[in-house]
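Labels for the chains are A, B, C and D, by order of writing; each one numbers its residues from 1.
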Amino acid sequence: MIIVCKNTAPQAKIDKLVKELEAQGLQTHCSTGALSTIIGIVGDTSKLDIEALQAIDIAENVQRVSEPYKLVNRKFHTDDTVVDVNGTKIGGGYFGVIAGPCSIESEEQIVGCAKSVKAAGANFLRGGAFKPRTSPYAFRGLKARGLELLLTAKKETGLPIVTELMGLEHLDLFNDVDVIQIGARNMQNFEMLAELGHCNKPILLKRGLANTIEEWLMSAEYIMSGGNNNVILCERGIRTFETATRNTFDVSAAPLIHKLTHLPIVMDPSHATGKSWLIKPLAKASVSAGADGLMIEVHPNPEKALCDGAQSVTPEAFADIMDDVKMLCHFEHKMF
Amino acid sequence: MIIVCKNTAPQAKIDKLVKELEAQGLQTHCSTGALSTIIGIVGDTSKLDIEALQAIDIAENVQRVSEPYKLVNRKFHTDDTVVDVNGTKIGGGYFGVIAGPCSIESEEQIVGCAKSVKAAGANFLRGGAFKPRTSPYAFRGLKARGLELLLTAKKETGLPIVTELMGLEHLDLFNDVDVIQIGARNMQNFEMLAELGHCNKPILLKRGLANTIEEWLMSAEYIMSGGNNNVILCERGIRTFETATRNTFDVSAAPLIHKLTHLPIVMDPSHATGKSWLIKPLAKASVSAGADGLMIEVHPNPEKALCDGAQSVTPEAFADIMDDVKMLCHFEHKMF
Amino acid sequence: MIIVCKNTAPQAKIDKLVKELEAQGLQTHCSTGALSTIIGIVGDTSKLDIEALQAIDIAENVQRVSEPYKLVNRKFHTDDTVVDVNGTKIGGGYFGVIAGPCSIESEEQIVGCAKSVKAAGANFLRGGAFKPRTSPYAFRGLKARGLELLLTAKKETGLPIVTELMGLEHLDLFNDVDVIQIGARNMQNFEMLAELGHCNKPILLKRGLANTIEEWLMSAEYIMSGGNNNVILCERGIRTFETATRNTFDVSAAPLIHKLTHLPIVMDPSHATGKSWLIKPLAKASVSAGADGLMIEVHPNPEKALCDGAQSVTPEAFADIMDDVKMLCHFEHKMF
Amino acid sequence: MIIVCKNTAPQAKIDKLVKELEAQGLQTHCSTGALSTIIGIVGDTSKLDIEALQAIDIAENVQRVSEPYKLVNRKFHTDDTVVDVNGTKIGGGYFGVIAGPCSIESEEQIVGCAKSVKAAGANFLRGGAFKPRTSPYAFRGLKARGLELLLTAKKETGLPIVTELMGLEHLDLFNDVDVIQIGARNMQNFEMLAELGHCNKPILLKRGLANTIEEWLMSAEYIMSGGNNNVILCERGIRTFETATRNTFDVSAAPLIHKLTHLPIVMDPSHATGKSWLIKPLAKASVSAGADGLMIEVHPNPEKALCDGAQSVTPEAFADIMDDVKMLCHFEHKMF
């Protein structure tokens, strides 16, 4: 970490600060110049509170020079993490395709959808039982009944299931869920992250729509610091000034995540764009950018979907997308 | 609501859609032109799912023309809501000043801080017992013990207290808390919003850092639709490309909120900027923009604060800020 | 266009407004409901000033329902535009690769670079003679001398050249330039756009870093409305809150542009990210998303580049990128 | 400046880099730790190209610790700059109010408007002769004829005039203009900035809608480095995800600018919000935040304005706004 001292800072105060830092087991080096003195701090700075340092009256600005995350950091764990979901793998060359409806509506809908996405090549089934909705008047999911139907679809097809947890109070309903999804709006629900660090289930952590890559990795660090190493990251678009798409799909996240961390990343073009006709080109772009998987919304009848119909593709369209995805995965030497 | 049909839309499909809409008790009017047909929908459209409509194959785009919120809407409730916290009021001409440390650290700190902010003119005491922190390695608050100390400070000074709830699992600890704060990261924690709609405590709802004014009001609608009308909105800065301040303080929120809703709004320049020297000018700007109150972080010794020291002002600086705030409130005819 | 009238609007004023609109040759249809009256306006609304309409006291809000651009609109020109640069084509299945250094530094540098990018498969040479730099103290290009060197490289290799015009006062120097680039900062330099509409040279129009797709197309409309149909769009990243990359590369722009307009789009991952190691995955993602071409910065010795070294790749790295790009273009049936 | 070297960087390469930096007359200090070596660079780093440094293979990241601007920097010029426009001053305690229509439409309109804003207390007249418009089909100003009418209004009222220059090719028409405005879209039109550095006219430099405070100050540095010290900064809102206002009015810019530079800043709530009913609260907020002036659009008949009617206030509304602005200026000890 670097502390740039104000040019008005008295030497005595600088010396005092240096002593305090060294008392915490850190090494410091000062560069004194015409305009300012720079204190370079080396060692484990992850426990230093950057905001507390910024409050020091002689500090003009304080900057981190190393990442604040450790367990998720590629530097300290060079090999890719492969998340194994009862035999189906994601990461380290294994490609995962998570498909299914935004929300579970009926046994016929979810089981039918599961069979068709499996036939097209999906290896995970998604479906929402608890739905975050901006309006209190919108359909908010079948809740417990929805989870039962999802488990029926799992039994019928053998596909591992991925579904969102919206509150710790529902956790006991998730025992037979294979992958617990943390939605974008809960990416910084720290109580939930800390709690899920104590279970051993794979967690699919969606990026918050206004969160930086670094904040996203810090949320993954919460889960790993609790002891759970099975974290899958999911890019789903960020909020920008552009309104042509619901959010802006940050395809750069795939190569960036691979450089910064060993955890796998899947891409969700459905929520990112909110437009079904954009799913195919963006799914293909995701594979070519190096993603470890995809999350795609599929609905047997998008026009009648109780939620997010505009971004769902039909089973036929999904099969067509998968033809290209498989070809590109082959080109990227991904195992399917 | 407006549905613009594709210029390729066959009349039969348009007629079918119109019938379905009217079957839901809505009136429709079609404008057919050279390039497209526009279906105007009038009536209670709050239950229509805009995303489902966008999925209809003949729909080119769908736009709301009236606000999706009802209970919080100024149009249906023209008088200002005055939130009465055991006699201390906010809104409708009553100005509230909520001050105190970011986090509660010790009895001496919180009680001392409470006495000094009261002396300077604050009428609410704030202090965090449960702290949302980006890093799992940072100080996360004294939790239950912190709430006890806050209650001690309340007893000593008589100031009503405001503190953040981070998860429903802690709710029973909040019985003697006067105002429950929902933090920016939980603004769309819909399970929590729905639950707090069933209590009768005043709720201070912070704006999420990437949420629009409309989404913010929809979250307030969640609380009011549960039966709790005591909602206070709090602007605390939004995330933009600018890095000179931690967030961008959206001062326009004050007059906008007053036009769109009857609920009161307080402004928090401390979290918005992250810089203590910006608090005074932005607190003054807030009053002149018409805010109903302020939330300001005050710490007896910012340099030693366990959290957010950089944005905390000393009790002396707070008293100086209050001198100007009182003068400007007088100019705005606010009751203090 | 839609005008939503305030619920307080007197019928007489609504009738007066409708008359004024119809006097302009537009058809109107009113939908009167409990809360408001909606006036649907059909016809050529491109000359209506939406801001003037918003100023009308009875207007609550005014919304466009059809695109404000006409000549660039896919609806009125369904076939892809193929821009032919002295025989080298971009668009409609023809893929263009524009490569070269950020700025022209010497004859050896630009000629050497031109030969190596041509050998690797580039079909256009780029190089900056006039450089937009944030700091007045930074290197701002060799100007006229740089253009001479670029023309030498063109003679030596036969590659058509692309270079940026920073002010109309330099236009006479561009007679032998094949494609004139308008940089992101000049995307809304309307005087320049209007003037370039009167020349017949192909224009590469970069997207402004805070401009929407619609604003970008309106700038292309400026050029086309002057009579110049040879417009190539170039996505180079937009400004967001994310700081891990210099800008956020909006890969969705490729499929969006293809749906909205007939003009070709090339992608520039170099400026978007500012990081050379991200060029390969994002170049590949661009091809798979359907782009009509790429713009990539190549420098024989990035560490010694006078500008933008961090985002330039070496000729060797460029050749490696091109191997994958050619394979993916083949998969997309693009002519090379 | 700080260079953080990769933990894999060989000492020999670090030594070589240090030598090169010292050869440029800079002092360096190295901090070598477990994970990385940090090179602190002290001296005049304004000529160092941060991007070239980032391209060095051993550099992990490079960060500035001092501002890249010098002439505009408050550190090297502690007194406020007072811009004197033929006797009317802005900055250093002098408050300027620039008012008038968005565009000049007729002699009657501009002269009438000039008289009414002067009567209400404005000390500058604004009016657009050359108008930047997103659409090539919109009204783009009366151009040369507009400037003549503006000069007539100046003669009639004695108010100094402020108007926008859209291209250097029009510069000779601006001889009798008192303050040349550079619009948001031209904030980084570096050719124009450099040229205006050679004239001695006051320049009103608007902030670009996606530009940081630092980039804005670098554009002011362009003008000052040419020899022109008469620069007035103008905040007019930045582009964010929020759509309730046209742009987000960054009121923090006033105190930030005062800390970073000695140049005066005026605030333009009209363009920031696009809504006339927001002008009054935001004008008041600007004064209380410490602004040196205001820029407000006034039109005798907003509904008939040829441009930006929605954000223009009537002369009566302007007089009402000025009553409060004068009171608040008095409270801030601003000379009027």
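Details
Methods note: a residue touches a chain if its C-beta (ideal position, glycine included) is under 8 Å from a C-beta of that chain, and two chains touch if they have at least 3 such contacts.
Just so we're clear, the structure is a prediction, and the values are computed from it rather than from any experiment.
The chain with its CA mean position farthest from that of subunit A is D.
By number of C-beta pairs in contact, A-C leads when A-D and A-C are compared.
Centre-to-centre separation of subunit A and subunit D, using mean CA positions: 39 Å. For the pair subunit C and subunit D, the distance between C-alpha centroids works out to 26 Å. The mean-CA centres of subunit A and subunit C are about 31 angstrom from one another, to the nearest whole unit. Looking at subunit A, one finds that residues 210, 239-241, 243 touch two or more other chains. On the subunit B side of its complex with subunit A, the touching residues are 46-47, 49, 51-52, 54-57, 68, 130, 132-140, 166-169, 185-186, 188-194, 208-210, 215, 218, 221-222, 225-226, 239, 274, 276, 302-312. Across the interface of their complex, subunit D is touched by residues 210, 212-214, 238, 240-245, 248-252, 254-256, 259, 272-273, 277-278, 281-282, 284-290, 327-328, 331 of subunit B. Taken together, the subunit B residues at the contact with subunit C in this complex read 2, 4, 7, 27-36, 38, 40-43, 61, 63, 65-66, 75, 210, 239-241, 243.
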